[in-house]
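A quick write-up on the structure given underneath.
A, B, C and D are the chain letters, set down in written order, and residue numbers restart from 1 in every chain.
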Amino acid sequence: MFKRILVANRGEIAVRVIRACRDLGIETTAVFSDADRTALHVREADHAVAVGPPPAAESYLQIEKIIAAARATGAEAIHPGYGFFSENAGFARAVAAAGLVFIGPPPEAIEAMGDKVASRQLMASAGVPVVPGSPDVLTDEAAVRAIAREIGFPIMLKASAGGGGKGMREIHREDEIASALRAVVGEAKSSFGDSRFYVEKFLRQPHHVEVQIIADTRGHTVHLFERECSIQRRHQKVVEESPSPFITPMLRKAMGEVAVRAAKAVGYVNAGTIEFLVDADRNFYFLEMNTRIQVEHPITELVTGVDLVKEQIRIAAGEPLSFTQRDLSQRGAAIECRIYAEDPVNGFAPAPGRIDSMRIPTGPGVRVDTGVQSGAEVPIYYDPMIAKLAIWGRDRAEAIARTRRALDEFAIVGELRTNIELHRWLMNHPRFIAGDYDNQFLENEYHPAARTDADPMRLAATLMAAVAAHRNHADTARDGDRPPARASAWKTAARLELMRR
Amino acid sequence: MRYVAILDGVEHEFDVEQLNDGNGWRLRVGDHHFDIDVRRVGGASFSMLIGTRSFDFEVQRIGDEIVIASRTGIARVALIDPRRAAAGASIHAGQRGRAEMRAMMPGRVVNVMVKAGDAVEAGAGVLVVEAMKMENELKAPKAGTVIEVKVAAGQTVEKNDLLVIIE
Amino acid sequence: MFKRILVANRGEIAVRVIRACRDLGIETTAVFSDADRTALHVREADHAVAVGPPPAAESYLQIEKIIAAARATGAEAIHPGYGFFSENAGFARAVAAAGLVFIGPPPEAIEAMGDKVASRQLMASAGVPVVPGSPDVLTDEAAVRAIAREIGFPIMLKASAGGGGKGMREIHREDEIASALRAVVGEAKSSFGDSRFYVEKFLRQPHHVEVQIIADTRGHTVHLFERECSIQRRHQKVVEESPSPFITPMLRKAMGEVAVRAAKAVGYVNAGTIEFLVDADRNFYFLEMNTRIQVEHPITELVTGVDLVKEQIRIAAGEPLSFTQRDLSQRGAAIECRIYAEDPVNGFAPAPGRIDSMRIPTGPGVRVDTGVQSGAEVPIYYDPMIAKLAIWGRDRAEAIARTRRALDEFAIVGELRTNIELHRWLMNHPRFIAGDYDNQFLENEYHPAARTDADPMRLAATLMAAVAAHRNHADTARDGDRPPARASAWKTAARLELMRR
Amino acid sequence: MRYVAILDGVEHEFDVEQLNDGNGWRLRVGDHHFDIDVRRVGGASFSMLIGTRSFDFEVQRIGDEIVIASRTGIARVALIDPRRAAAGASIHAGQRGRAEMRAMMPGRVVNVMVKAGDAVEAGAGVLVVEAMKMENELKAPKAGTVIEVKVAAGQTVEKNDLLVIIE
């Protein structure tokens, strides 16, 4: 087993990997940009090495600096987390060339699955169902028009090197093609350094369901069941759960077997995820493979009891899987809420900034993974996800109830804004509670409503503000420069009585 | 002391008076009054009892607002001293018909689609700002003429920086 | 189901019960003494009522005030937690007489099991094995001498109304009887208001193993397997685990069946625990029954997936158990560390005080139950337990590794001292790791050692102190009035080089 | 500035100098020096890098000590300014042979077993203090004569209160 591992990432996933290392008795080296000197992953690691200025391209994405940091601190292996170098075959090769171990799949598997068009072709030939679309990469707007005419609108325009919701746009009319193309090419170039693209038929209201697989170097490949990831906004997952309330036992078995077949078709080793779209008739289609640990891996850990990151490290060290397919089962239900530094009321715009105080929920069924703490600054340079709340319950209803409770206990105050209220809304929505949703649900249903001031907690909060101001000698009262406001709702005494109940 | 608090765009007017023991406060709203007990727990945490009702708050001053996090969500409250409010009431009067587009978050301007003098429709794309790896197209809030473009592509902007003025 | 429940307790168990209520959609009323106005249980509850001055006898143990608080806030049921009124049949009767529901067993079962002597007699007649000892309560020192001569030293002198490690002393020689008797009678009077006592044979180096049972009002009684509680100091549990590494599958089955039989013998309803002593030959003897939720219930929750507190509430509302014996199994392993405000280096003396900052561990497998937070004051009036760290792992080795990691992340700084270092020591002890320990282990093995200053973390901490002092304009340097110190270990340059590794 | 730090009863002597950027510090111990980088994270949290080694500390001044919580435990460090230490070195000289028993924690005195003038053996029970529901018997730290008993049964005591003097 390794003595020391470098974690080539930041944020909650870097902390997650450090925890797995500590559980295995392995020391860690963190890397950090100038924006992350006091970030939690730096503080939790045994060693830490500065790798450059804040923009990721100048620090976290500098292959030579990362490898030099590993050498300088005696790390024998590198865990890439997700994002950054996690699906970069060139990095995996450079790590191996430096005599270090890349904790992830072989570069050939990354390449085979990294090119979305080639992987579609490969999967189709391995008997895995794929979504109709362009058989090859496209090079210009005309080609997009041509294929759209062939398969019909709506279509999805996707960066060939894309993933994680970046570099994709849906197109409903021909006149949207130009601006969508500009956006996809721009994001693809800046995020992946590869501006090629292709087209797929856009399935209406499908479910996004993925299957976790893991394979060792001894030829064992197993799946760890599915995750339902249909709660999305702008193609970014917001909430995931396992098991999926939409998937039948038969379908689960079929998808698991197809996922294992897909992984074997590319000689896959280590943890990976096969993403599927499942239509209303429960036909499923291969969407893409993520050749890395996923953001939402904790819910699989909660229902199966397997520590996926530890297993990744063991596999990279040449050890066999510590379980077989028969050892695995789903116990209870798990839900993950991704806490983003963003403003759902304001079109989900990123809303980073300082965290003045953060209270993390605890208690039965609650797990939190985060890369920030009170006093931290959420930088503008990176992903706005600041924490993951992962909840386990004996059944789905218990998991939802506990998620609600944990969200109530989760307090994050500061310059930044978060989507915690969106999660509260979701956990109380009758359709979510019934398990009746598809991947259009959030965009169709979520309309941040004006809060009713009849909520006693909010009335009390207003009093709290006045008391806080008074304590500070009333210097917080502001004058003038205010938007027009409706007249006082408190003049109705009945509302005040709510506080006495 | 009398306060006007704005919460969710609704004004609430009340008097607050500190009682002798330092933790107790009396709140008057019209003919009603409530006795409340407020204790600082540590840092920004406060515990408030209104009768037997218990509230737990994290309190922070952010810009012009007092931000109160509680179990059911975050409330952003703006407080106004009514004696001063009257004087400042017409500050914005001169800006009627003028729209200032400001950065909602720190980021980098990727593309500017208009220049001074251009006529724009409401909802037309004006510029694209990249923040936290996502490109966000900012749209004109109203139809009018571009008076000034304050930024150029490639430039980094801070939250609330003025980007474009449309009139 | 109830609409609102009063929680007649404080600290972590009050918060635990509030969380269970919130999961069930039930509102809560907290009660608090003047020392607990800003305690976490008050802040987490929907309503809170002051019940008197700090001493528990004048507040938390005032039956009339508690019942009045329930009435004033419209609570329909009362959960007593553990300690305080949880095993007080008079309180249970008063609650019922007030038209409210007591969330716990019938008063008759509390009485039958609350008197340690009567319960020994009852259990023996139900065919449950008991430890040899006095057949009845004793009244004077002479009677203790007589029974000691009969069964031989060592003996345990126990308060008849005792429990939770209070009101008991072991006696090895005849001349120790007098002072032990004074201590037991004193503690019994002040803690239980009942100074009667009895004697049991003191088993050498037994295991303390208990079985969780739960019974509904419909006649269903099941067990939820065992908890190993042998890591004790001064008869107070410090660490518990489930499953017990000492218990064989056959013994587990036998103890489970006996526990169910014992519960049925007293017409038991709701959650309870049968405590056994198991000797080196794996003979087991009934020790006592705890007719309430136990401190260490979380580890049973972690391995069985059952929420015991929610189940308690459901049972009190007349609902049937939500599972049968066949539905239950142990998955993985769980360990609980009790974090006490005490100083293990100083004879485990209570060390309460202000908590300036507290960082709670999170991540895979970690659950924390606590009644305090940064800024809280641990009062001198109540139990010194401030938090419980409960860890789950796929197997015992994983649970231990994760416990170590979570302890490393657990930072509590302030006036108070804690036993976290004791837990760190334990989780690294070869005999604990091997599962080879009995209930004398801690007292025989734990000798708080002088820390080696070769630990780079401690060298760095010393530098940190100097930097902190320097930042504050050196005003923290103290002069004179210091104990004699050994000469600098840092003059050996080799030790400093540790920091460069 | 030169410091003598006492950690676990061992003295460490070193010079600390703040570098120009405000976060960097230079530490000298004899012929060795280390460059360290210290940042305050928020509240009492600090991050320290010594070369590539990363340390995470919670720092608090408690009484005469600086208490530093880290991943491997809590260190209690007493700092001495050596220039002043020499002058104060003999403060305790006059107390040789005298033992002061002080309360280790707040609590209530339950029983006092000695009175002034009594001769006590080392280890003999002197008084019983109840704290947090446990009775703790305090034993004489040395043989001698009880000079003074400062407390009576039933009395509440604070941490470090003087209880009994034995000489």
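Descriptive notes on the structure:
In the analysis below, a residue touches a chain if its C-beta (ideal position, glycine included) is under 8 Å from a C-beta of that chain, and two chains touch if they have at least 3 such contacts.
This one's a predicted model, so the numbers in the text were calculated from it and none came from an experiment.
In terms of C-beta pairs in contact, A-B outnumbers the other of A-B and B-C. Centroid to centroid, with C-alpha atoms defining each point, chain A and chain B lie 29 Å apart. Chain B and chain D have CA centres that are 49 Å apart.
Chain A has residues 44, 359, 373-374, 408-409 in contact with two or more other chains. The residues of chain D that reach two or more other chains are 43, 45, 53, listed in rising order.
Touching chain pairs in this entry, ordered by label, are A-B, A-C, A-D, B-C, C-D. Note for the complex: chain B touches chain C at residues 37, 39, 41-43, 45, 47, 49, 52-54, 56.
Within the complex formed with chain A, the chain C residues making contact are 15-16, 19-20, 22-25, 44, 298, 301, 305-307, 331-332, 359-360, 362-370, 373, 394, 398, 401-402, 404-405, 408-409.
Contacts from chain C toward chain B in the complex involve residues 29-30, 37-38, 42-49, 72-73, 373-376.
Residues of chain D that touch chain C in their complex: 1, 3, 5-14, 16, 18, 25, 27, 29-32, 34, 36, 38, 43-46, 48, 50-51, 53, 55, 57-62, 64, 66-75, 77-81, 84-85, 87-89, 91-92, 104-107, 110, 130-136, 159. Against chain B, the residues of chain A that register as touching in their complex are 166, 179, 183, 186-187, 190-191, 234, 341, 343, 346-347, 349-353, 356-357, 359, 374, 380-384, 408-409, 411-415, 417, 420-421, 424, 450-451, 453, 455-470, 474, 476-483, 485-491, 493, 496, 499-501.
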